[in-house]
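Two complexes are shown next, each including subunit A; its partner changes from subunit B in the first to subunit C in the second.
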Partner chain A sequence: MASEGDRRSDPEVAERRSRLLGGLRLEGEGARGVAIALISTAVFLVAIVVAVTQSAGWPEVRRTFFDWGDISGSFPDIARAFVLNVKIFLVCEVFILVLALVIAVLRSLQGPVFFPLRALAIIYSDLARGIPTILVIALLGFGAPALQLTGVPRSRVFWAGVGLVLVYSGYVAEVYRAGIESVHPSQEAAARSLGLSRFQALRRVILPQAIRRVIPPLLNDFIGLQKDTALVGTLGVIEAFNQSQIDTNATFTYGSYLAAAALFVALTIPLARLTDWLIARDRKRRQAAGGFA
Partner chain B sequence: MSALKVEGVHKSFGPNEVLRGIDLELEDHEVVCLIGASGSGKSTLLRCVNLLEPLDAGRIFLAGEEITRRDVDSNSVRRRIGIVFQAFNLFPHMTVLRNVTLAPRDVLGLGRAEAEARGRELLARFGLEDRRDEYPDRLSGGQQQRVAIVRALAMQPELMLLDEVTSALDPELVAEVLSVIRELAAGGMTMLIATHEMSFARDIAHRVCFLEEGRILEQGPPHEIFAQPKEPRTQQFLERIIEAGRL
Partner chain C sequence: MKGTLATRGLLTAALVLLAVLAAGCGSTKESGATGGTTTTTSCSKGDLNLVSSGTLTIGTDNPAFPPWFGGTAKKPWQVSDPRSGQGYESAVAYAVAKQLGFSKDEVTWKHVPFNTSFAPGTKDFDFDINQISFSPARARVVDFSDSYYDVNQAVVVNKGTPIASATSVSALKPYELGAQLGTTSYQFIKDEIKPSKQPSVFPSNAGAVQALKNKQIDGLVVDLPTAFYVTAVQVPNSKVLGQFPTQPGGEHFGMVFQKGNSLVTCVNKALSTLRSDGTLKQLQQQWLAKATGAPTLK
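Moving on to the complex of A and B:
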């Protein structure tokens, strides 16, 4: 990271550079710094390429993984299957945001009356985060439809989605809770002193500040969720990962894995950059406010 | 009937007994200043009156009605009492006008137009009209504290509690806040004011109470307390204040 002085001397250049490199910061000054960075990156990449292509197994790996015909041939099928991943992600995200908020609020309730609710929220968070996601999805995906309950969907995709919502709500609730606890108690005192009820104070004063502060870590959890939609494939549902496995079994090559990976990355990278941008904006705003907010 | 009556109030935080039997009565339109060293219980007393802290013992009456009974809705009591804090405690995610209209709209159920009209009028009265769309962190400390006073006034309280409202301000910003409080006193607002500004207390208070270790050791009109304090502890306290050049 550049020193304070560097950044202040030419903030615009530094800003442009950091945007180019997706948040990476360069040492040194101006064009010389950029040149050094480019050369060292090139040397580094060439070294890796040489090391890999000189390895004994490279011809075989190149044939099975890097056959352009395989990759591009499997792409349309996988892209179609990937639509399901995106749908699962989008629908689950909405439910996670709501359920996690409820859990976090329950956990933040004070007073002995609310002990059972608090305890429930803690147990939930512990379980949701303690059981491997793949197990939760298997248990629900195979178990819940087998119950043959009337009025309850039997779709495996549905139950896999329920599993993802349950698991991720445990994490996201902790993120919310950190946000709620970061709001100074004097804010609640000010709200209550005006006659607002506990719930009104929470809704109008505490949560808006808490949620604003935790948007970057929330997005971070959603990057994880995007990838974990691939776990739904373990139930035999045809989504991007499963489709790529089917292709692999047909061709005995692994190019389709790369195609699937490219699709996931294409979705996560914009989200990752958005997260970085929000964090940077938040930091700037804080500096401008002299640390008040 | 007094505006506020505090009777035998005790309050401890763990082993630390902060209030050890406070009795105090305020008449309508009376301005009472609480003075005393830090930790003498001034702020705790104000927080107890606003029901932000539960009492260990004692009773508090607002306009003759006991507000410390278990069956009293504390939200409906708090809307009748305004409190202003040392650290302003404005809501940083809301504009000045929204800070001022939040409680009138959500608590009193005023319509947006009515609440905003009331808010603008109050802001204009205290020279803050042009700041209404700013966020608190863009304001000076003195402006923030004036907004906090307006926010409390927007609820049209029967009683105002001011908790060392100038202690967090740069010296050059103290005057603008004090002049607002003077205006309130001139308008007949009943106020209980914890303060370190002795000359201000001498000017504005009808009565001054000296707190020491959770008790009101001495009280009386300012010219008596400041000129001829009877208690040796009060004398010592005022001597230290004078030495520090604050009186």
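Moving on to the complex of A and C:
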């Protein structure tokens, strides 16, 4: 009984790996499997295409959404505006990684002395994750400059960036915290017994393990951030989504939305694939090391 | 053996599915063909192609702003009330309704956000009147009525700021300008002013006005009547710097209809009557008189 549970037969491992890769791998299923997969994919696609193109509204949708002239005509302007999305994403990311780590560490501090800091970190996480991002951006982007304080920047891109950093740090801090809590307490005990201070134990022993474990979920949040840079457009800043709205409103057609979507996808899909690959690699390493890493 | 059976089963299922879909699409086409055959040229009230018979359903955005709409706000309408008959667009809408034979009680107003006015699909209004500029590209997707107002763009600035001393279009180049999404003002900024700083486009009037108040933008480009409303009510200590010279071919507002709606012919007939008997001019003087006194930027 017990040995059955411990031993893992090869097909089981293969199946698991296939599931990890999102079911995209067909190895072990042979030529028959490939044939069935191809046929069912073809039938599926044909069914969708037929259902869509035969719908009553299709001629209108084709004219307003899938006009190639619209899509390609709006693409250069949107691509130019998209540079701003990428910039915002790259800059915010750096600040999020740092701020979130500080919050996560504050929240995992133990002992009654640190209660106020812990409470502050919890309140922050709750608020950052609780308020819709679009509201945070609108409140900061129009509200902070309205104070007319000297030395406070008026730039809407700046305040939108602050908003994204605040919101995403709330999420990323939770990811870090999950990583920190997944490190067994014996690791800290061992580090302390070797003479490391509490901070040294955190810095040299706990965080390196914790962060490595949470890289995939961290990347997941980055993908979300890439998309949410489109919210900056609500402040009037011309980024890819706002530019596509300008084009849509000028022509009353939606091809520009597709052009913008294509740009976002071109940015997010490589990162999504990288995340999957890292997860798979991590899994393989752990299996090779006998379940520990 | 098992393999071929499974494959065959799948193929059969696929064929059945395709057959069903093919049958389905055949019937859709038939019903589509019988749908849009009625075309009326008669403009008597009973023959009009309406969303709900006996009622003229007119769309506009909420909040409805002066000077286009007037009266005191009554829910669900904010800032103004289109049902009041006050304000230029409300007055024109009721004048058109009267020409078509509708009493005031037979007119219903519907909240139609600008984005929705041109969205594909069946429209739930007879026409939308919301300061929408005609353009050939837009007219490929919806039908426009003839002009009910020939419009000029203008720029609003904060008094005492550097831009406030500009007197020409070219003097606006170094400044950060803003416009409202869906207006032709952005196109105007890009094509005519060609500023050195990236202009901004705000999804709502509120955002554009707030940015001007905060001095996050130097100037806001809007249509002239709206410009006077912004300076009078929305942004204290601001002024209409000037209006832009009329573009070749001009710019005008038209009511928006579902593409192919026969009603547009009747509304155009009504508008032409209102134009020739002087009603449109009189309504402009009544509601948009203030919008004529701005200097023209050369």
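Here is the rule we use: the second predicted complex is superposed on the first by the 266 of 293 C-alpha atoms of A that agree within 3 Å, B and C clash if a C-alpha of one lies under 4 Å from a C-alpha of the other, contacts with A are read in each partner's own complex, and residues count from 1 in each chain.
Heads up, the rule we're going with is that contacts are C-beta pairs under 8 Å (C-beta built on N, C-alpha and C of every residue); 3 or more make two chains touch, one makes a residue touch a chain.
Bear in mind that the values here come from a model prediction, so they are computed numbers and not experimental data.
Counting residues of subunit A touched by each partner, subunit B versus subunit C, the larger count belongs to C. With both structures placed on the common chain, the touch criterion links A:R154 to subunit C but leaves subunit B unconnected.
By the document's definition of touching, neither partner reaches A:Q110: not subunit B, not subunit C.
Look at A:I36: by the touch rule set out above, it reaches subunit C but stays clear of subunit B.
Using the contact criterion defined above for the overlaid structures, shared-chain residue A:Q187 touches subunit B, although it does not reach subunit C. Residue contacts after overlaying the shared chain place A:P145 against subunit C, while subunit B stays out of touching range.
In the superposition on chain A, contact of A:P208 is made with subunit B only, not with subunit C.
Common to the subunit B and subunit C contact sets on subunit A is no residue at all. Those residues of subunit A whose C-beta lies close enough to touch subunit B in the complex are 186-187, 189-197, 200, 204-205, 208-209, 212, 289-290, 292-293. The part of subunit A that touches subunit C in the complex is made up of residues 32, 35-36, 39-40, 43, 46-47, 50-51, 54-57, 60-61, 63-65, 138, 142, 145-146, 148, 154-156, 233-238, 242, 245-246, 249-253.
Partner subunit A is touched in their complex by these residues of subunit C: 3, 6-7, 10-11, 13-14, 17-18, 21-22, 24-25, 28-29, 31-32, 114-115, 118, 120-121, 135, 137-138, 140-142, 178, 181-182, 184, 186-187, 198-203, 207-208, 210-211, 213-217.
By the touch rule above, subunit B contacts subunit A in their complex via residues 50, 52, 75-76, 78-83, 85, 87, 89-93, 102-103, 106-107, 136-137, 151-152, 155.
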